[in-house]
């Protein structure tokens, strides 16, 4: 298992107008691993996943390296990183609201094979995974519920053949019961071969499914360890309380 | 503090006074005076648009209509009704206000490109009307505009050299108006509406009312340029509605960098010097003017001034207080 | 005045307007972009067709693709220059830049083609058709047929193909489209190149109806504007219907009231619509 990580960053720094928002020496996600990133609001969680894609709705200054299977992709524009297999499901708007579920799932990728370690799910496969989406296949994105949109977001990413999947706050705005459904689905995807970096404010829910956990605070790593190690970490308890106050 | 203000007054009134002698310093020939008068007129025309584009952040393409409204009103009032320049200026401003109010009312709800399209369409329709309506002289235009004469003051201007004081005064007034607008509550409200409409609303600014007010302030400035242009040319035809004036205004507003008080004046001067003294023929001049407009927006986000960052810090400092000093003098 | 004849004129004119406007419709619907140089691109298309036929001796059927090729090149260069503004969605600057491009095209065309008016005559425009007491030309028939085919093909492409889907994704949310692996820049360049080709095609077909001048671009934008806004900004089907309605309006207004003011009147109608329901004409990104 001590192979090269699928996704790795070195000296990643992100600054907004001179203010350092993120400063991480190294983060690594290994094959078939589900790594959670937790922390309070403004800890830099979204900044982290967005900068891995070089993607942002603002215009931050990013430095450092992002490696996918050892290949430096930090010079590539976002759409090229997507083609290389790094997929982000952003927070907030994650489906095309003026398109039907079916159209959202229609492929935007070219027909080239997905490449090493990547599996491009077919439409039937994602419908099998999310039967609810099949029922709603003719509905517009704008007519879907929050949970359905989250499923559709994940399904869209699977259709593109992810090598590594980045999930930004999938639990936001969902009912507690749905949160665990979504996270368990993510877990089962990892078990069947996917590599995932999950950003989550809901520490309690995240710790149930992840392999390892990284605790961020003000853009820096405060603690890192396996799920069982971290469960008893007082800093997690603190963050857990902090997140729910 | 008083010393400081006094010093500033001298420092910045000096250029205003010196500016008057620019045509003399350039040799004082007829061509120089003609160019200087046109620079002043077109700069005033551009200042009207400047506050819409730079402060309000919208693109009005109907400012040629305000320019034409001033010119045609002046032609009708002076040539047909025999009125003097003061009355024709008042008439020009009133007509421009009426047109601006109408246009402002129609476009109140519209933003961005729909706003621009409507204003553009207004300009095209205005050109059609000017070319076809015999009341406005049709395609021949209106001739026989008398020379600029204010008998009350015993002032008369029969050539560009004699018209220069009027043109220069008009320019100073326009610059003063733009400068005091930028420092006024309305100017600040316009910037807020421009930069963040939601924030503006929550701060108690009514965006629609602000837009309408800025529009109503802007139209008479451009119209007063049309007023003087009518006297300078002695006839007016539908060509005042041509795209040339629109492109000239827009280029003047953006070329030096937006929201620079003397930017439009410098821009117009640059363009007219090229056209009058270094012309390559009408069509090539068109290509040059259009290209300057494209390049300054696509590649120089801060205009020519932005290229010289060191000068840039100097420019606004120099320009801002000019507006402050003028009211004390006039 | 023959009513049926005016109806025929209106239908032909309507298809002509729809065809002229289609590039803009796609530009707005897909890229949320505007092009105030559209009229001058129409002018250029007409003159390149004329140049191809009368100076290069090309057959009409080859002069059309030549004009379209030039249109593609102009559209591509425009978007290439504006790309940073487009990605920033700086609509104010884009409007002014496209206006500047139109002005440059006007100057360049006058320099190259001369400023005198020309007649663009094609083999089709010289063949009259008399049908009862109705009169039209084969050119008119070609306009109607090409417009219908073009709109049908475009509607199909936008609604049903991968290309159309990519374009709609970019229209709705360019940043989310990037996350779907779409090269957004390339879509923007492609849309502008399409706009260039479409307006050149329209010019090659429609311009033979009237004398052509290098200064005619100014007015053409207004037709386009009325069609695009009345049709519901960015809607392909709406543009077709609005073009047709405008054509009929102009034909009847020109015949019964005044041809000189027909455009002004059409514009007045539009203003009335905008005043009554400005909200109903708000842009819906990716709208069809």
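The chains carry the letters A, B and C, assigned in the order they are written, with residues numbered from 1 in each.
Please note the rule applied: a residue touches a chain if its C-beta (ideal position, glycine included) is under 8 Å from a C-beta of that chain, and two chains touch if they have at least 3 such contacts.
Quantities reported herein were computed from a predicted structural model and do not represent experimental measurements.
Of all chains present, the one whose mean CA position sits nearest the global mean of protein CA atoms is C.
Here the two chains linked by the largest count of contacting C-beta pairs are B-C. Averaging Cα coordinates per chain places chain A and chain B 54 Å apart. Chain geometry summary: the mean Cα position of chain A and that of chain C are 44 Å apart. Between chain B and chain C the centroid-to-centroid distance comes to 33 Å (mean Cα coordinates, whole Å). Touching chain B in their complex are the following residues of chain C: 34, 36, 81-82, 84-85, 91-93, 95-97, 99-104, 106-108, 110-111, 115, 218-219, 221-222, 225-226, 229, 233, 260-261, 263-264, 267, 270-271, 274-275, 278-279, 281, 283.
Interface of chain B with chain C (complex): residues 53, 57-59, 61, 105-106, 109-110, 112-114, 116-118, 120-121, 124-125, 127-129, 132, 243, 246-247, 250-251, 254, 282-287, 289-291, 293-294, 297-298.
Every residue of chain C that touches chain A in the complex is listed here, in rising order: 162, 165-166, 168-169, 172-173, 175-184, 284-287. Across the complex, chain A meets chain C through its residues 53, 55, 57, 77-79, 82-83, 87-90, 93-94, 96-99, 103, 106-109, 156, 160.
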